[in-house]
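Labels for the chains are A, B, C, D and E, by order of writing; each one numbers its residues from 1.
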Amino acid sequence: GEEVVSGGDLGAVVPVAGCGADAYIDPADLAPTRKIARCEANAPAAQPLKEMTTIRMTSASRSSSLAPIFVGMELGEFEKENLKIEFSVLPFADAMPQLATGRVDISYGGTEAGLFNAVNQGLSIKWILGNFVEPKASDLSQPQTGLWARRDTFADPSKPNVAELKGKTLGSTVGAASAIAYPMDKALRQAGISLQDLQIKQLPAADLMTALSNDAVDTAWLLDPYWLAAANEPDKYVLVGGQVPGEPLGGFYAGKSLLQERPEVTQAFVRAYIRTVNTYLRGDYTKDQRVLTAIATGAQQPPETLTRTPALTFDWEIRQGTGEQEQKVFIAFKTVKYTDVIPEDRYVDRSFYARAVGHSGT
Amino acid sequence: MTARLIRQPGAAERHPVRTRRRWTATKVALGVSVPVLFVVLWQLSAELKWVDPFLYPPPSRLGHGIATLWEEGRLVDATLVSVRRVILGYLLGASAGLLVGFLMGMSRVLRAAFEPFSWGWYTVPKLALLPIFLTIFGFGDTSVVVLIAVTVYFFVWISVMSAVMAVPAGYREAALMLRAGRWDMFRHVLLPAALPEIFVGLRIAAGVAVLMLVGIEFVISDQGLGYLIEQGRTLLLLEQSYVGIVLVAVIGYLFALLVKLVGRLFIRWRADDDAIVAS
Amino acid sequence: MKHVAPLTDVDTAADAAPAAPQRIAVRQATRSFVAGRRAKVDALGPLDLSIGDAEFLCVVGPSGCGKSTLLKIIAGLLAPSSGEVAIEVSGDSRIPIAMVFQDYGIYPWKTVRANVDLGLRLSGRPIAERREIVNDWLGRLGLTDFADAYPGALSGGMRQRVSIARALAIDPEVLLMDEPFAALDAQLREVLQDELLAIWQARRRTVVFVTHSLEEALLLGDRVVVMSARPGRIIADITVPFERPRSGAVRTDPLFAKLRGDLWASLHSEVVAQFDTGRQK
Amino acid sequence: MKHVAPLTDVDTAADAAPAAPQRIAVRQATRSFVAGRRAKVDALGPLDLSIGDAEFLCVVGPSGCGKSTLLKIIAGLLAPSSGEVAIEVSGDSRIPIAMVFQDYGIYPWKTVRANVDLGLRLSGRPIAERREIVNDWLGRLGLTDFADAYPGALSGGMRQRVSIARALAIDPEVLLMDEPFAALDAQLREVLQDELLAIWQARRRTVVFVTHSLEEALLLGDRVVVMSARPGRIIADITVPFERPRSGAVRTDPLFAKLRGDLWASLHSEVVAQFDTGRQK
Amino acid sequence: MTARLIRQPGAAERHPVRTRRRWTATKVALGVSVPVLFVVLWQLSAELKWVDPFLYPPPSRLGHGIATLWEEGRLVDATLVSVRRVILGYLLGASAGLLVGFLMGMSRVLRAAFEPFSWGWYTVPKLALLPIFLTIFGFGDTSVVVLIAVTVYFFVWISVMSAVMAVPAGYREAALMLRAGRWDMFRHVLLPAALPEIFVGLRIAAGVAVLMLVGIEFVISDQGLGYLIEQGRTLLLLEQSYVGIVLVAVIGYLFALLVKLVGRLFIRWRADDDAIVAS
């Protein structure tokens, strides 16, 4: 793909020690079995900024999927770059205007309809880092975040036919405007129906499980850790669709200030992020007490809540087409106010993570 | 003697009808011009780029937002849903608040028993109890209506109880001499005496009902004006949000006005809008 | 019918009823008030008073001596601090005791008509009868033109007349009146005094009438009691010898002047005493 | 200093000042009220009245005839519907006109002392002086014991005394008193009448004194005006011939009885007329 | 004559001190026993499995929740943060509401001009304006405090304005005779006369401040009790949620009580808790 470096001149891309061929995967490779980009531990090496620099970062919550940030902060990976993260909680929708005006540097969020509406209206926001993937997403026999349904919704509860969900009600936190619209739609399309064949009911994440058990909805996208309750009663609930294997659906978005005014700071942030993933967040990182404590501190949660759900597979890369697929669902649902898919280069910038691992990005 | 004070008929005495008519006209003109001025300033500040017209859509773009929503048919739907919820919830909550408020205002034993408990419940964030309501009343409109009712209830309860307690003892004594029973006391003394203050409480509660409605629709609903606002916000369709906010404000204003007019029907003995110091 | 008055108990009678046709018996009644952090104020008594059935008793006394307090105790609106008051009532009438309050006690949210009607309404009289009675009283008190006005649009004297009309319309067994004519002009006062006398002479009720006017007391009362300065006790108890039916003409009777002089004398020292205390401080 | 009274204009004088030392000139003043959907009520006038400097004018008239309305117009609290009232003031005193209201007008949230002190306080007098004046007036009105009580704990007469004390403490150029002694017992009334006479004779102020008692009017006033029934006009204007300083002894003067009779006669027809209207309806 | 009415000293007259002490004791006992009863019933319903003890943690588990939060040090932190925000916001909003309420209560021109506009703003969902506040006041505590202040402002404004308008004309006339200026009128008449009703409004607003705080902390904060509640909900740590709710209720209660006690200091002339009909 063609990459556009929106930032200032960061000089030529140079190879990075510890980051080999596995450090950059072709964005077009969508195979569920593809590798996840990784370098060796402690790579790429720090290149501290000249002076201590503060990055103002927001996220809608202190989610445990921000583990690289929390661990990096606790264990000094950002410090090594002379970076200080000033973290505040702010819903992504509220953060986007702030990103565009430069009051916020980086926000953590998803590829939501709001993002595309913002880009469509000319706000300068770019997706610069992915968050995580769910490698076992294609295996629905493993309980996980995904589309769960009550078995009695189906004619044969033991062999649920997803096509029977047509006309039923689906519970979700943000309806057809969130990043999970795409995986939901994909799961349904595999059965020959689509998200539009269902009635979407919007409920808080915490109340979806209750709604499912009360027959208020027939199927629901259950997030961490709510699916655990459904998984406890396999004869009542069944998982009918998972995330899209291998495609992160969100991550970090940078705004005007970091893209145009201070690209070197963005670069340092991305470097520290990638190094943290490589060093501390491989495999089942929850076994590492130091890491677990760091995440618990950052997420302000008791450690035991973190070990309830499996460790995440962090993936800083951004697949090609994820945004397009999302937009198609949003266009179908009219949650974006345009009809032609916006090209990727207007909202994705892979140059920072590519440069961090010494890859030219092409 | 160096000064002479002259008492002469003012305009109000010389031309009472004309003065009253003029004042009404002035009142309407002032009442309209302030919002209009605000809108003009808002538009101007967008035109002159004092503020970011994307983040703060100017009024001129609200028309467009309304048109879009109207064409999609969502405007009328959302408004109807919201208005129905708010009115049902308000009626339910206000009735309960009036009843309990009067009972507690009239009995110090009830007050001693339930006042601390009720004040505690007053500040329980009702939205946090949503799951309980959803479990009990289902995921439909009922939960929304009940939650609005519960919120309204507390505001009305406090106003009514305080108003009843503030009724001067002299009024009650006169009725006691006429051997008024509790019902008569309520009907002829406490209710009318407390009514002016109660209607202030009812007007406050009307606003609270609308605010609560929006809060609930932010969280659980896929209908109503609160949903329009929230959806506009998450989708960064700020025009839609602003249309919703303006509509909610208008509905809230009309609702409070309605309560005020109903109050005026009931409280005919009291002049309503006196200048306290002529100005 | 048994009606429980506020703050009081009802005994069915004949247990210890006195031989004399006594209507109200005040025995060693006192009343004190504690307001905030101020010292206790002894407002009344100890006071003994016996009021006969069908007696017209006038009460005079210096301002603040406890006259209103006494009336409120008899009315059952205030409990005595010690002592006891017993009132015999027939038990037939829905409202045995009516009171005209010093501060009128009428309701600003009711029209003049509705205010006068209230007692009748509460006692469940038929509407046609009520209407007639109310119209009658409004006429007698010169309020017909203002029947549909709210009290806010009335003059002080008119408000007091509403209060009088409400009490009289009930036609109670015991009538307690706390300076009912204070806000009325001399002429109207005479008209109403005559009216009251006429009513009372037609069907004898028990009336306890607080007034500041010694003439009024002598003109109206069967008996006049004089109260001392606070705490109010009875320092004089005069039976008025003039024959009924009386008219304003008794004023010219030399006995009238003498009695007035007696009352005046018994009161004067009280007032002077009170003021000397005040001034010395 | 130039103080603008509410609802009024201030002219610096000498433009059209009359030759006579006239203090208050009421010219063709009327006042009507419209309350709700009721018909217009003509409360007052047209009324012409001229009150001299240092004159003690008593006003009598049937209840509801517009006496309080007249006082409020003079006070500047109510504008006339037509006509004009002019009041000459020296412009030296901070509060040239004081008024004793018929319904007392004292503040339940202020202690007796603070109520009496209020006018002095607002006119910015030094605190020591205020304290002295207030104590003096509290003593004269027998309120010393209740100086720190709130009005809620006072009897009707005591409240009226607070109101009187507040007005007198200001020592105004013009004193408007609306039935100031109505709630006081006969003795206290006399004491205060004497007090008022003494003050007035010591330094002559203009006093407009509304009363229901013809005796009081004759005893106190230089002049007594009688008002007709509503709408109040002046139907009699009597100059009281008794010499100053007066005392209660004038009551026994045969002229006193004659004047009282005259006043009575002029009033009586008014009252009767009023009542006949009421009754016929 | 068939009945005798007896007026005798009641207990209150015979033993005033003892009666008052007893009533205070009864009052406290009743006031405590109702919440205790509620807690017992709640516990019981959990013990007897009437309700799901996971979804509705019984009081016995609240202790555990408190202990956990305490050990983590988050309890005190969250409480302090929330209390500071709510008090600052309340003071700011209440002051503004008092000021504007009095100005508008005293001037009918101001009222004519700004009343419709203000009533419209009253029902604007303040949370929906959050983005604007964030832009102006930053992401810190300031935005939270200002948003609470704005909400409180409206409630206080309405109460104060209504209370001032309800001051009887007679009181104002007496002050006009004493040539009271606007300030004197305010200071000596309107303020004290309106104070009882104003304090009712201030108590209502105290509760509103707490509710708004929680609402804001639900949405934007990562601190405070609202955050504890919300986090407990999203992480299915329901004990934590309930601890938060109970704490908020207690703080709200204490806050309203504080306002009441302050009110009592200012309004000494009015008996405070009379039984209206003895019962």
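As a working rule, a contact is a pair of C-beta atoms (placed from the backbone, for glycine too) under 8 Å apart; a residue touches a chain by one contact, two chains touch by 3 or more.
Labels paired with UniProt names: B, E = ABC transporter permease; C, D = ABC transporter ATP-binding protein.
For clarity, every value in this text was computed on a predicted model and none was experimentally measured.
Chain centres computed from CA atoms place A at the largest separation from subunit C.
Computed from the mean C-alpha positions, the centre of subunit D lies at a distance of 47 Å from the centre of subunit E. Work out the mean CA point of subunit C and of subunit D, and you get 28 Å between them. Averaging Cα coordinates per chain places subunit C and subunit E 46 Å apart.
Residue numbers of subunit D whose C-beta contacts span two or more other chains: 3, 5-6, 36, 76, 97, 103, 150, 152. Within subunit B, contacts with two or more other chains are made by residues 55, 131, 135, 233, 268, 278. Contacts with at least two other chains are made by residues 91, 94, 97, 101, 204, 206, 210 of subunit A. Pairs of chains meeting the touch criterion: A-B, A-E, B-C, B-D, B-E, C-D, C-E, D-E.
By the touch rule above, subunit D contacts subunit B in their complex via residues 2-3, 5-13, 17, 34, 36, 53, 73-74, 76, 79-92, 96-97.
Across the interface of their complex, subunit E is touched by residues 26-27, 30-35, 38, 55-56, 105-117, 119-129, 131-132, 135, 154-155, 158-159, 162, 164-167, 169, 172, 182, 185, 190, 196-197, 200, 203-204, 207, 210-211, 214-215, 218, 226, 229-230, 233, 241, 244-245, 248-253, 255-257, 273-279 of subunit B. For subunit D in complex with subunit E, the touching residues are 3, 5-6, 72, 75-77, 94-95, 97-99, 101, 103, 105-110, 118-119, 122-123, 150, 152, 170. Of all the residues in subunit A, the ones that touch subunit E in their complex are 58, 61-62, 87-91, 94, 97-98, 101, 103, 204-206, 210, 225-226, 229, 300-302, 305. On the side of subunit A, the complex with subunit B involves touching residues 91, 93-94, 96-97, 101, 112-115, 117-118, 121-123, 174-175, 177, 200-204, 206-207, 210-211, 214, 216-217, 335-337.
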